[in-house]
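For reference, the structure discussed in these notes is given below.
Going in written order, the chains are labelled A, B, C, D, E and F, and every chain counts its residues from 1.
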Amino acid sequence: MSTARITLVNPNSLTKVTDAIAQAVVPFQRLPLEFRCLTSTGGPAGIQTQAEADASIAPMAQLFLQEADTTDAFIVACFSDPGLHGLRDLVSAPVLGIGESSVLTAMSMATRIGVIAIAAASVPRHLRYFRAMGVADRICAELSLDMKVSELADAELAFARMATVGKTLRDAHGAEVLIMGCAGMADLRGRLEDACGLPVVEPTQAAVAMAAGRVFSR
Amino acid sequence: MSTARITLVNPNSLTKVTDAIAQAVVPFQRLPLEFRCLTSTGGPAGIQTQAEADASIAPMAQLFLQEADTTDAFIVACFSDPGLHGLRDLVSAPVLGIGESSVLTAMSMATRIGVIAIAAASVPRHLRYFRAMGVADRICAELSLDMKVSELADAELAFARMATVGKTLRDAHGAEVLIMGCAGMADLRGRLEDACGLPVVEPTQAAVAMAAGRVFSR
Amino acid sequence: MSTARITLVNPNSLTKVTDAIAQAVVPFQRLPLEFRCLTSTGGPAGIQTQAEADASIAPMAQLFLQEADTTDAFIVACFSDPGLHGLRDLVSAPVLGIGESSVLTAMSMATRIGVIAIAAASVPRHLRYFRAMGVADRICAELSLDMKVSELADAELAFARMATVGKTLRDAHGAEVLIMGCAGMADLRGRLEDACGLPVVEPTQAAVAMAAGRVFSR
Amino acid sequence: MSTARITLVNPNSLTKVTDAIAQAVVPFQRLPLEFRCLTSTGGPAGIQTQAEADASIAPMAQLFLQEADTTDAFIVACFSDPGLHGLRDLVSAPVLGIGESSVLTAMSMATRIGVIAIAAASVPRHLRYFRAMGVADRICAELSLDMKVSELADAELAFARMATVGKTLRDAHGAEVLIMGCAGMADLRGRLEDACGLPVVEPTQAAVAMAAGRVFSR
Amino acid sequence: MSTARITLVNPNSLTKVTDAIAQAVVPFQRLPLEFRCLTSTGGPAGIQTQAEADASIAPMAQLFLQEADTTDAFIVACFSDPGLHGLRDLVSAPVLGIGESSVLTAMSMATRIGVIAIAAASVPRHLRYFRAMGVADRICAELSLDMKVSELADAELAFARMATVGKTLRDAHGAEVLIMGCAGMADLRGRLEDACGLPVVEPTQAAVAMAAGRVFSR
Amino acid sequence: MSTARITLVNPNSLTKVTDAIAQAVVPFQRLPLEFRCLTSTGGPAGIQTQAEADASIAPMAQLFLQEADTTDAFIVACFSDPGLHGLRDLVSAPVLGIGESSVLTAMSMATRIGVIAIAAASVPRHLRYFRAMGVADRICAELSLDMKVSELADAELAFARMATVGKTLRDAHGAEVLIMGCAGMADLRGRLEDACGLPVVEPTQAAVAMAAGRVFSR
């Protein structure tokens, strides 16, 4: 293996989100890795509800099969990790989910983890997922911005709300590390760390790091 | 409301399975309920892997939307409850899953619950699900028959293996109640109870009972 | 079996409470079921403490033995389910507890369950019970009205406090479904749902539904 | 306080069991404590089922009230701790249960605790109790002798079976400390330790120690 | 054995703290026990961080080996129980930790336990410890005084803050019993109980009681 | 940052183990990382007991302080992660433990994780650690080779036992992924995967991958 190829799939059909996901990958370009960030064009226009998460799986599975020959590791680039376990059955390359990877990474950083969700509707779905993962005890709280994915276009507003939520997680719930519970906000990571005085895990970066670990430990 | 309509959806495309599901409903025909057992014709031909479970969701969602106007309660008739939470967001009628319903019903019967799975590949998926439900501590063990859905055609062989697994769950794991971890085996319930000397929960019946509870408590 | 007979036992000696329990059953009268609501006249005058719950068991056991021949399913109509497991050993018919049934029913409706207790003194007892059941992770919070059973006579006051507590469970604890943690308040269920904008599980109705499920799945 | 008075109550009506409980106290006679071992004459003749445990509570409560004036700490001398929380509400003196005390004591000795039950029927009841206590994760296994209380009269037979079960807990389940899951077997403790090469917690002694701690830390 | 010898080791090098630990032992002087309170002079000057807790282990191990011949039970007198399990491997006498003992003792007193920590930095370390012990579900909350060990010299200030934190644990988190999460504050126990209206466990006393139980049950 | 420097510390004093740890790093040499594998010469000669793990912390802390200026990420290269949390407080660079990293990595690969321990004495210590981490539910079993670190010199014998234990974890406990519960066995990883037909996580490699993730996501 000369250069390992990491394929990141945005399970929703918004190319803007795919572009933002690509931003998360930039720091890793020092590594002998080739990154491809793909949009699952058959997916829903954003994933907030469980139904949208479920609806994204079938088109993403098609994309995985199509890219399997030229991929050394896949990343499902949506915090709910739609279809993660099924996709692992589908292809032989490692498949990482950004939600799972972000929690596992945060677990190596501090005891109490706070999660910032975009939408309140996502919180019970994430809770079920943390429980299925067997890590719910490590999440001290998950709070939402109560902003729509579309509102995130106003990055300053998003950042201000995120910082407020982050501080509440820190002060009222004891969070020692924060997870951004959504793809595509890597550009805000450093500012959020400064605002809250806590390390922040950006989920796509967490998944890329774990994918790199998988391909380079062979 | 004169007669409540319960729509049971078999998420796989095998009409034989739908027919077997219909058998489970027979004892409830004394109730003022109208049952429709539908096949999700766009679904996979059997659900054993997580990928098959995921692939069954999108066509089932279509069927739900189509039947929503004439349905008072829906039942997802596959033990893995594919898409359950998303389908609940999709329609206003109650949606019950046969996996969830069977566990909840068994929890009202005894302390230690044993689950009989058809395929070994289903066990980790079920385990993640029991954990997501927050009930994993109640499942003393899940053991598989290691038979394919197709092999179940030989009902005697299936029954013999099932009885052996049931007795192991009872004797080696302390199970006081058994769950059949698959739709479409209602006809074996009584014989399994006799063979193992334990109550057996048939998941479709558990879901029908919970669905009836929902429609009649209004 | 033509008509199945469900015996509901109020373990305290207050006939007013028994009458209120009977109200909960009304919607189920469309089913081929015969309901008897009995008062355990030897029981304590109300059950708030663990000692009162324990003291209610012996007289209730007598009543169960007396009614066993003419009962197809029993219901212990007190949220603490006093004596539930022992009573199951005592009679061959299914025995449902309204506390257990309400939690199991709520678990089929949403991820995070809020419980409204009448008395603060009941909360640790309920907590021990939820833990014994293995479902404590599903209860996002239990808050009490801090009203005595006697104060509940003022239904408007009770309702106002209940609605306030319900909204706190929803807004501060993320409850998506509420359980009324006491028998005999079925008449307030609809109003509480309207006030809080959440589904409400009335425990006696939950138990009747599960009892019906048991008798009709044979 | 000159000499503190510890009242041990055997909740079943068998004076033989009370006598055996009194044996457990002997090593503590070096302490400035006065021990009274009482038989709850209104209790059932042995406690193996949950129904028997429940039936023992009411007569024991009477005895507690009667002895409250002359007691500095009470001990419920049955491994299932019938009525423990309610009895704590009833009297102002500390009330210790031998089941709870034995688990808490074993938790200060080793990580994995094995429990030896007399009857298989007790195991699910104990399991519910360990869960209610929030300590189920520390119990690596509970196995039963499958002997009736009456059979225990043959001390050699009881000991032989107990030693076999203890070794299975050690070798197959990793137990590092054993709990005798029944009152009245203190005389076998030393021999069981020798046979299994593990420390053994005798529950009445564990409760006496905790009761002494409570009265002497004032 | 005539008089049993209990050796309490203060793992930090502050003799003031050792003196305060000695105060906790006073009520137990009615027992046939000889107490020695030793300072681990090679230990750190106070234990608030995990690094300080870890650094205290090696010098304490030396002290244990040195005192083993003349000790019937050891007590590690720091709430974080540094080195507890390793020290148990090192000497044959029982070794009790004051943190572990205080939690186990509180578990025999009430369902929901509140812990008062001195420093916020200790809370995640305690949380990891409660989880390792398998008892985290019993701790309803741990809140810190946010005072340095040195500030505790002002006993009135310490007491006032402790009482405030204790009432918050009671009112906002439902604590029914409080644990002082630090050695050396036994003199404040009674006043804290009066101020909060709740029983308070002083950890050194809890450990002495459990150590006494171990030596007198032989 | 041109080349990031990863410092791996073997907390025991055996240079042979350090050499074996260095072997684990080889596949990562394609990355722009500089690896230093250091022996904590003041540490114990092997770490099997909790006391040895504790004794290794103080000398390792010295080494960390000494290397802090020239290190971008540290790795504690012992499966018990001695001192991990304290070392994180000591230096500003990320500190990864190979035990923690291996579990987190395995959690991204499959649902049920089996752990192969060298010594039986390590198992309860690991169990406490998995619980402290909040991940114990994901470990289906940990079984030991019952070989001393010294015996591992006979690599063939070690491999044969390891393969047997791995197959037992797979067949009797349902493990889908295995963790080698010890540093220094990277050379056996591929053979163990072949023998058991399961993916195997080598803990040092898992930690290096996570450390790389940390340094490259900046």
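Descriptive notes on the structure:
By our rule, contacts are C-beta pairs under 8 Å (C-beta built on N, C-alpha and C of every residue); 3 or more make two chains touch, one makes a residue touch a chain.
The chain lineup, named per UniProt: A, B, C, D, E, F = Hydantoin racemase.
Not measured: the values here are computed from a predicted model.
Relative to chain A (Hydantoin racemase), the chain whose mean Cα position lies farthest away is D. For E-F, the equivalent interface within C-E, A-B or B-C is the one where over half of the contact pairs agree by residue number, namely A-B.
Averaged C-alpha coordinates put the centre of chain C (Hydantoin racemase) at 51 Å from the centre of chain F (Hydantoin racemase).
Centre-to-centre separation of chain A (Hydantoin racemase) and chain E (Hydantoin racemase), using mean CA positions: 42 Å. Here the CA centre of chain A (Hydantoin racemase) is 27 Å from the CA centre of chain F (Hydantoin racemase).
Once the centre of each chain is set as its mean CA position, chain C (Hydantoin racemase) and chain D (Hydantoin racemase) turn out to be 32 Å apart.
Looking at chain F (Hydantoin racemase), residues 85, 111, 124, 128, 131, 133-134, 137 sit in touch with two or more other chains. Each chain pair that touches appears in this list: A-B, A-C, A-E, A-F, B-C, B-D, B-F, C-D, C-E, D-E, D-F, E-F. The residues of chain C (Hydantoin racemase) lying in touch with chain A (Hydantoin racemase) in their complex are 110-112, 137, 174, 176. Residues 49-55, 57-58, 61, 83, 85-90, 124-125, 128-129, 131-134 of chain E (Hydantoin racemase) are the ones that touch chain F (Hydantoin racemase) when the two sit in their complex. Those residues of chain D (Hydantoin racemase) that touch chain E (Hydantoin racemase) in the shared complex are 27-28, 30-32, 85, 94, 96-97, 100-101, 104-105, 107-109, 111, 133-135, 137-138, 202, 205-206, 208-210, 212-214, 216-218. In the complex of the two chains, the chain A (Hydantoin racemase) residues touching chain C (Hydantoin racemase) come out as 123-124, 127-128, 131, 136.
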